[in-house]
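Quick heads-up: structures coming right below.
Shared chain: chain A. Partners: chain B in the first complex, chain C in the second.
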Partner chain A sequence: MAHHLEASRNSCALHGALQLFEAIDGVVPVIHSTSGCGVQHYLGVTRLSGGNDTFGSPPVSSSNIKQKHVVFGGGSRLREQLKNTVKVVQGDLYAIVTGCSTEMVGDDIPAMAKEGRDQEWPVIYTNTPGFGGDVHHGYHLAVKALIEQLPDIVKSQEKIPSGLINIWGIIPNQDPFWRGNLQEVGRLLEGIGLVPNLLLGSGQNVASWQRVPGALLNLVISPWGEFPARLLEERYATPSITFEGVPVGTAASILLRRLTEQLELDPIRTEAFITREELRLNQQFARLVDTYYRAGFQREFALVGESAQVIGIGEFLVKSFGLLPRTLVITDNPSESIREALDSRLTTILPGYHTDVLFSEDKSEIADVVRAGEPGIILGSSLEHCLALELGVPFLALSFPLFDRIVLERAYAGYRGAAVLLEDLGSAMIAGSKYINEAS
Partner chain B sequence: MSPLRAKAPRSREKRLDTLGAWFGPVSIASKEFASDEIAQRIRTFAQSSNDDLLYALRILSGIRNSVTIIHGPRGCAAAGLYHTATGSNTRWVVTNLDERDTIMGADGKLRKSILALYYRYHPSVVFIVGNPVIAINNDDIQSVVEELHEELELPIVPVYVTGFSSQNAVSGYDTALHSLLKYLSGNNASTKKNETINLLSVAEHPLDRKEALNLLALIGLELNIIPDDSTIELFRSAVAAKASIPLCPDASEYLGLILQEKYGVPLIKVSRPVGVKGTGRWLKSIAAFLGKESVTEELHTRKAAETARQLGDFSLKGIKVYISLSSANAFSVLELVEELGGEVNGLTITHLDRLHIPYLDELTTRSPSLQIHVSDGQAFEEVSILRKLSPDLYLGDSTHLGQVARLGIPVISLESFALVGYSGVVRLVRCIKTALANGSYELSLAKVSSPYHEAWFRRSHNWHIKREVK
Partner chain C sequence: MSLKQGKHIAIYGKGGIGKSTTTSNISAALADAGYRVIQIGCDPKSDSTTILRGGNDLPTVLDTLREQSKVRLEDISAVGFGGVLCIEAGGPVPGVGCAGRGINAAVEQLQELHVFDEFKPDFVLYDVLGDVVCGGFAVPIRDGLADRAFVVTSSDFMSIFAANNLFKAVNKYAPSGGARLGGIIANSILAAYAPALIDDFAGKTGTHVIGYVPRSLVVAQSELYGKTVIEAAPQSEQAQVYRNLAKYIDENEESVIPKPLNSPELKKWAREWGDRIFEVETGVVHEMASI
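== the complex of A and B ==
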């Protein structure tokens, strides 16, 4: 039985599905639920992800069911709403998503979607009641709907470029840096001669999703990407590579070498790319050296975020930047088996040093553990800001919810992202030390 | 029978014939509301909009030393995270009901949560908030509330919002306030009145409260402010106050009504203290009640002159303004825009009901053809209207300001904007000057294409608004 949660940061499945659909150009979600579900998504998710409002998207098409639909069923209301959405809102694909109320009432969503398709409307559906799971579950359901239903709706004659790689596991807004991170991962792949299929963000559209079956490989960069990769392996026998986390800094080199080996790419080209990128990053490290020692950057840190962020950012700070991982908190509720793997990987991330690893999405539980670790800096969501103030330590907001900074193109992934992370982290440390000096 | 006997009050549409969808000239609205029979309207295409749950949460976020438990599935607490981000007094908790709970019921889970939170935080009150899942299942919150209330000697207040039983989100204010009064204010009218006046402040900006408080202090009033930023003690003392005065007659309508009907605290009926005239009228109405006319008159004359000096030769002459706000607020801002010399060429208001008849009648005598659009969150209609009217300035608090700005119209967000009192006028004018001085951002935005089909813009604005067939 699930426990109650204080200030949960993982919202519900409906909201996760909306995150995904709204991040694809031309996809128009149609909510079949009570009117507030869409507003909850806008207020409690989109708005809290650092300037990530989908441009002009709120408010979204929604059937806004009332008492009589709860009593007599809401199917006809959905039929009407879908018909009019197609007439009013421009789109290449209409995606019905449901909420708790219509699922409890038992409306027949597949039948409604089929009616729409019989009219030649491009319609898919997914059942996403909030009681079924959180944002991550919603991401799974939406991806599944696209993978399974899209091929029957829009036929594509387009030629698939060779060397196409689908990227899975980054959930829009749940990773506030999703746009930039995807772009940087894409740049890395291009650097070794591959063609990235980012699938989400500007310029990514229904056609991008139509290319999914023709990809050479599925690249998984968070635990949440394993499910789509498995689906695609079953359907199309596409192989995959799992890299449990956003690759930050030299982790990118490991990823690129693995890809080169598995796909039998030109190793000389790969090494040349890696050398160039690492050289640049190393120069950035060198430029920071004076401040690093003078301002005492080396210290214990607490990091609160989703698995992929904690692995990517945590390992970079430990393995390349000399920081000590005091407390790592993973907030995205990974499955039991992934938890075990993460736990053993992260508790021993720095040999000879003990790291506390906690899996929680409860604000007060997280605060207790972070506080007990007495870190010298906190990296987390904006919810941890007051904790940093309480402890008098510097703070960098980088995970969801992110409501005190703006993120448009910024990335922490890859080589470039690593340098950006050092800029942000360094600035936080300097600002923090100044604050502490003035206060004392 | 006590009006607080029921679990929740009747919805606004049942009490006040509230409409959430309507479009037409103000004269027709006035005529329709003069009749007995007002037909409910529904939309055949809709976009997401607020519900009673979201409005109830706004109120609870203001109660100090409280814990708010949304007894439902996790996503229904998303707005709580938003309130946490913007500064909230309450702690937000969700019981996180899963599929099994929706079948088996979850009062055990609720019980456990209340106990755990009570022992961790020792709040002075715990709120239990309903939602679609609990409402559809008809889960038994009440017996848990009663049991634990006895056991812990703690006020536990159930708020029976549903997300679907009212067409109008504003009913959620009533439901939350109904429960607050019912569980916190005692059962009887107070025999001993105190000297305070209740300032009814529902989901208002803190600076607005401060402005009202400062002004009323100048005429020597002692205030008891509920429900914003209040405590459970203030709800207890509210029933012994001399009178209540609202900051917004819409939002606090039910609160004022019950305080008057059940507890005998007279309600001063007056529109919002927005604009110089509006603020003066507000002050004078309370002064008249207390017999403090002369000091108030003097205060208003002084403040009005001071404001005029601060505004200098500013005028909105020749500027067409569109207003999109919650209803009573919109009518007050309309008066303010006209006071500044501007012309309002259209209004979008969240709902329309019998409370607004005086505004409708008054506007009908002056500008009968002024268009009124009733909508909460229906951006597609508003964008269509705005393309036709092409105002020079948009004042609104909707969540689709981005879609408006894309039309190239300068926008001022009033979502968290302190508008009340004399200082509100000066603040707004400063913002208007800024917005009108440089429209380059709107021009940049205008380069992105519209989310709607051109065909939609050729339809009448109210194409999707229909009379409800019962």
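== the complex of A and C ==
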């Protein structure tokens, strides 16, 4: 028999969908399920990702169905809830998301959404019972709902800017640094003359999503971005580029060169941008050299996170910062193909060095593997904090769930993110080290 | 729940096989014999007790859940023939909601109303809809609600199939305190081979048939009068058949955990019977002389 999973870091599909909708200005999610689903989203997700979202706390609208709605069907309760929500909360788009109970019973959600649309309310829906899949699946379902249903609801006359790039694969809160990371990826694209469509975060709204079909390219930066890209290729024949992992440091240069080549952009402009950015980052490195050696920064590390983080951050730490990847734990259950990227960019680049790789979301299994590797520093979720204390090694919390630090704008992506990562990592290493004693 | 009052019996069987008719006649016969009887229809169609109470409207238990009013037993029950207390669980209209959860909720509601403590029945009969399609419909045989389950079947394969499914459910729940199987009620017996076929199925599954109810016009006629056979034609042979069933249920406590056939076994068994019936109908003489 399979053993039980301890402290899973992958919430349910309903929550994944909520996280996406909550990250778009003007979208008002309406949960059609039992009351615990919304509460659990607050307790189990948004509180644990460095801060709360607008609706990521109790105020989210929910039909809070009771037994009688299970027995007789909850359609009328949803109808009422939708009506009340439209009355009370101003929004550009109302997004119905369903939970396990209403899906078990088979409430006719499309019909309810259509009723709303017949009243001229902009309503979309997605069926997201937790038993259908985890948070990543929920992200997929919500993106699909927007891509498929939005064009029929709100017509846009707006002219699409040329060089528009949709960015896919960053799941709000599941990556606690999603806001900052998206901003930085956007800045990179702007640096080579493209127009980023971040889609999520402040200032990103329903209009941003209306521009999706007109984009020049879909940029995929995690395995979870492949599905939207495929969907858009089928629907609008938009090409895509897949770059496994959040690009950190010089990985950004590789990404920008690939984009420049595929989209036939001006290479001179791209190189100028890259040179400027790399120069700045190198200057930061140079300022760190002394501390690097005196505090013994070069050591083996354990990194626990979603595949995009492990590949992006891990690669940077190894290639640019000279750390050794002792243990890598991937917690988001990506498809096997991610292994290839992991191997080519991380685990095989140090000849003769062995890296333990684990695909797991089980806290104790993760702890066992990390412990066995005897790392000199642990980077992971707040769930690994105690383990670091136990092993007496420095610790940096950077993956979900994150409940021992605040993240507002911070990013670990791009050139700037690389510098921020060095600040955080370096600070963690110095704290409590011999180095402090010597200095004081 | 307080100490259980009376014997609780659940009647299952394929849709339309005659559960409500049979159950109602058994209730009527038990009541006629002087027992206090409750019949609970566990079916959203809410037609289980119709022929016990002349077809009058009866608000269902779940109607009260929908309205969320405070209910009294009088509001959701009617006294039918021979003093049988008739209750319909009710449920959603077809195509929406969860009838299985409805049965659950209705039973909870009845327990809250202390129906059994107050009425002090000798017998409680649950008439449960159709096949056991999901956990919800198994409620009466789970949780020790009913002590015994009976299954109504004809000699049609589909109804045997449904009986076999019920056996699976009993088999699953009985070891942890769920109902055991009291036996099979063979209904609508018309063809000559039918009793032998049902007997054979009973033998294969470690169960037995407690009575054979012939297909009879009296049943149809009584139904048209809105009555049970016990009430409309008490002197008929058919009434005697139902009285015998009631007597069996009253006097016999015997119950078993059935051994359902798995699906290849069931298919093989059915094919063999297909061949036999063909031989019988075409006049081939066999050692199965009894049929």
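Structural remarks
Rule of thumb we're sticking to: the second predicted complex is superposed on the first by the 409 of 440 C-alpha atoms of A that agree within 3 Å, B and C clash if a C-alpha of one lies under 4 Å from a C-alpha of the other, contacts with A are read in each partner's own complex, and residues count from 1 in each chain.
Just so we're on the same page, contacts are C-beta pairs under 8 Å (C-beta built on N, C-alpha and C of every residue); 3 or more make two chains touch, one makes a residue touch a chain.
Everything numeric here is computed off the predicted structure, so don't read it as measured data.
When the two structures are aligned on the shared chain, A:V70 is found in touch with chain B and with chain C.
Using the contact criterion defined above for the overlaid structures, shared-chain residue A:S8 touches chain B, although it does not reach chain C.
Contact with neither chain B nor chain C is seen for A:L263 once the two complexes are overlaid on the shared chain.
Shared-chain residue A:M104: touches chain B and chain C both. Partner contacting the larger number of chain A residues, of chain B and chain C: B. By the touch criterion defined above, A:L48 lies against chain B but remains apart from chain C after alignment on the C-alpha atoms of chain A.
Contacts of A:V60 after superposition: chain B is touched, whereas chain C is not reached.
Residues 67, 69-70, 104-105 of chain A are contacted both by chain B in one complex and by chain C in the other. Those residues of chain B that touch chain A in the shared complex are 43-51, 53-54, 69, 72-82, 84-85, 91-102, 109, 112-113, 116-117, 120, 131-133, 136-137, 163-165, 167, 169, 377-380, 399-400, 402-403, 406, 448, 450-453, 455-456, 464. The touching residues of chain A, when paired with chain B in their complex, are 1-15, 31, 33-45, 47-48, 53, 55-67, 69-70, 80-81, 84-85, 87-90, 99-101, 104-105, 129-134, 364, 382-383, 401, 403. Contacts from chain A toward chain C in the complex involve residues 67-73, 75, 104-108. Residues 62, 65-66, 68, 91-92, 96-99, 101-102, 105 of chain C are the ones that touch chain A when the two sit in their complex.
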